[in-house]
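So that you can tell them apart, the chains are marked A, B, C and D in the order they are listed, and the count of residues begins at 1 in each.
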Amino acid sequence: MQYLNTTHGTDILEALVDVIVENRNYLSEVDGAIGDGDHGINMAKGFRLCGESIQGQSLGLSKALGTLATTLMGSIGGSMGPLYGSLFLGMSNAIKECETLDARAFGDMLTGGLNALQGISDAQVGDKCLLDTLVPAVDDYRRAADNGEDFPAALDALRQGAERGCESTRELEARIGRAARLGERSRGHLDAGAVSCRLLLVTLADSTERHLEKAAA
Amino acid sequence: MQRIINDPDNVVDDAVRGYLRASPSLYAATDHPRVLKYAGETPDKVGVVTGGGSGHEPAFLGYVGEGLCDAVAIGEIFSSPTADAFLDAFRAADRGRGVACLYGNYAGDNMNVKMARQMAEMEGIDVKTVIARDDVASAPADQRDQRRGVAGEIMMWKVGGAAAARGDDLAEVIRLAQKAVDACSSIGIGLSSCTIPANGKPNFSIEPGHMELGIGHHGEPGIEVAPLTDATSMAKSMCDPVLADQDFTGGEVAVLVSGLGATPNMELNLLYAHIADRFEAESITVHRADIGNYFTSLEMMGATLTVMKLDDELKPLIDAPARSLAITR
Amino acid sequence: MQRIINDPDNVVDDAVRGYLRASPSLYAATDHPRVLKYAGETPDKVGVVTGGGSGHEPAFLGYVGEGLCDAVAIGEIFSSPTADAFLDAFRAADRGRGVACLYGNYAGDNMNVKMARQMAEMEGIDVKTVIARDDVASAPADQRDQRRGVAGEIMMWKVGGAAAARGDDLAEVIRLAQKAVDACSSIGIGLSSCTIPANGKPNFSIEPGHMELGIGHHGEPGIEVAPLTDATSMAKSMCDPVLADQDFTGGEVAVLVSGLGATPNMELNLLYAHIADRFEAESITVHRADIGNYFTSLEMMGATLTVMKLDDELKPLIDAPARSLAITR
Amino acid sequence: MQYLNTTHGTDILEALVDVIVENRNYLSEVDGAIGDGDHGINMAKGFRLCGESIQGQSLGLSKALGTLATTLMGSIGGSMGPLYGSLFLGMSNAIKECETLDARAFGDMLTGGLNALQGISDAQVGDKCLLDTLVPAVDDYRRAADNGEDFPAALDALRQGAERGCESTRELEARIGRAARLGERSRGHLDAGAVSCRLLLVTLADSTERHLEKAAA
């Protein structure tokens, strides 16, 4: 069986920071189509701050995710601060006690994040927001893991669920956020939050996969 | 974008520095760069906190002062303050008698206040909230919990602030602030868009020769985009849904007409003349009318109307003394 | 033209009706439709009158009230009131102790006040005038009599109004009002034009990405049209000529930063932070700063800076209580 | 010798009212080029009011001009109210005692108007305003009358001075009023006040000429 050693927190977190900072302009561009064009600015601001604050430290995954959560909550504001803040805080809390994560524990981490997020927001799948990425991705991951697929396969399900969910927002009419102003005209464009969520989940899957170790049988 | 700013990304911090320098008798800094507290002596009373996105000046920070709010959490332009900022505002306002957090119904604010409140409870600060939902255009009366908060928030701050100032306890401040904003029905009419400095382009668009009835303070969609009418018709379009929302007939009201930013005061007063005519026709007595830029949306053109039903409990609180940038009486 | 009006030719009359309805505790009508007087009790004191074109709200009528002006003559948009209106304002304000007419240096106002004054003298009303000439951009210091009056007028009304309220005689009110406005140096910076309703097209033009330093309240030409700079540089461009005009160094001042209409308050405060920095560097102590829309030009974007040198005689008059739409302290 | 019987006040005044009201749009158009385009509106408002107030009355010339002056002062405001108000008040006062006007007395009336106007305004010939019409017109009239030309010839000098003076504003750079904002760019356009002044003086000359009577020799 494969597992993730949670000592790789700094490394995994840096990958999340990098993908957001690298996609700053892309995210703003996506937001520009039906929002106000600042999603990349907002996200990069929070993630960059977090990257700076953990630099040179070697953190466990729970600690690293917790730092990300509090940095986002303390620096972004708006809706994204608390939403991504809760997501990562929920993930952090779910694995506080773990030294290693197997596929099931990793799933508990994802579910912990989703639950925390849903505890703070009434947003639903179909509203055209990050939940449209997050919910199918976590569902697909859990289904794979519950069906006994191995860790890499479950991570692949996470990636594919995220891609599919993100893509699903293209046809949705926005019911929340600025894009809701456009009604029908919000169709035909991806949702910026769904895109950033896809980037984060895919990157999380990728870097987790890189760190997977085989348990001494 | 014709603005008086430096780095567009730092507009809010730069402005906060200006407010602190300009009004040292009103504002004191706190440990949090996005939290200001009232600089004067605050007796042992319930703390009153508000907060919200910037770009609505004098809201929110203009309502910090004597007989009003004790601390304010300041967000980016049109974006909720962080949970941390709300928490620090709670800390700044708390005198051990609890904090009334009086704010408007927006997704971001709801989430950030909720989180800040959880953290505050852990520190032993008792925070209760009232969430303004006075914009009749944002949802029908039977879905009032969906409604946005707009200029009715001012009435909520005035009443809650006055109740706290006279020594009411937290439960009573909350009851009265809730009663105040429940007594309010508001609606906006937008005549032009506005530009967020960091974005550099108009936030949405209203075609010249058109207007948007029921528009929100950030350009949220209204009830109807229609050809621009004269002030007489605009007054009717605004009064109709407001007067249909609550039964004001035969009663006494406080009226607030706020500009959205760039509409000159003379137009607001001109509009008010027609609103006053209508009220007279419906036997509604205007106890007081405040006309001016009380809750804006950067440099949008347009106006909002807020009507508040008064009774013997609310009237003295509305009339009570206050000193702040936005209201001094 | 996105305006809240009815007939564009009747905007002023329609707005006056609104002001009367909205603020009955401040305004009372007179026999002249373009003259409003203070509605409260006025004791036996020197009358204080002002007047000027509309479109500068809250100036001029917003400065009618307790401790300020007793009556105002109201002109068309950007156009002097008639001599008749000034005369009727003199009549409304006179309590037998004479009238101080405090207004700004514009050709039309000069002529109409001059004629009204001649007619008033025939009725035995003693009218003395102070003409504000505080705009440093409108003429060099040695041609001060050519200068326009701008937001320094507010200081003149405040000081003259407070002197009259405490019972000073006409000569003293005039002396102090003159001293007040002589102590003021002002400058404006325009970022966009405005549209007079009856004309329907912009009054002049400022290209996007440009600003006009020294612009007048009706778009009169300034010192320089330059590319738009950041707020730090704008503050410098405004402070340089103002601080060169009088020796403020080491002294105490009152500062007023007024928006021209559509520039949000946060930008005015942001600008003020840099002005305050400069004053600190020059050892100028700011006794009080008022930042807001105090003297506008319809929906122009931009701001004006007024700096007033204080002494022991002026300070208490600036700080004295007042109640009006524009100033309440 | 020819003279004007001052009983024709109403008639002469109605001609002045008519020419302004008829040229309302033209005057605004001229003002539109370098001003704010309301000169016709402002002037027509005052003159129309005056026309209504004298309707059906048979006034002497002094009384009629006095009524015009007070109506303008009471209704126009701005600069035009007091300037035209003083002009007509000065003219009215200069002929208070006269039952008839010969060419010299008519010249005194014009001079009385000009003096009153200059008593209230510092505007100068060359500033690009109504004085650029008024001053040469009155000068030319006086020169003709002083040189012993007959009344109709002097009136012709008034007309020609007014035309020439008005035309002179085309090349001037405005130093007062709104057009001053344009500096150099105000050149090449007539001044609106100069045009209204020309219309008024020409009309005054025309209707005076119509009413001239021969003195019983």
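In this section, contacts are C-beta pairs under 8 Å (C-beta built on N, C-alpha and C of every residue); 3 or more make two chains touch, one makes a residue touch a chain.
Everything quoted here is computed from the prediction, not taken from an experiment.
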Counting only Cα atoms for the centres, state how far chain A is from chain C in Å. 56
Computed distance of Cα centres, chain D from chain C, in Å: 34
Taking each chain's centre as the mean of its CA atoms, how far is chain B from chain C in angstrom? 29
Contacts with two or more other chains occur in chain D at residues none
Based on the touch definition given at the start, go ahead and assign the chain network to line, ring, star, complete or other. line
Check the chains against each other and report every pair that touches. A-B, B-C, C-D
Could you list, by residue number, the parts of chain C that touch chain B in their complex? 1-7, 11-12, 14-15, 17-19, 21-23, 54-55, 57-58, 62, 191-192, 206, 208, 211, 228, 230-232, 234, 257, 261-273, 276, 289, 291-293, 296, 298-299, 301-303, 325, 328-329
Which of the residues in chain A come into contact with chain B in the complex? 36-38, 41-42, 73-79, 81-83, 85-86, 120-121, 123, 176-178, 180-181, 183
Residue numbers on chain B that touch chain A, as the complex places them: 9, 53, 75-76, 78-85, 107-108, 111-112, 114-115, 196, 198-199, 201, 203-204, 218-221
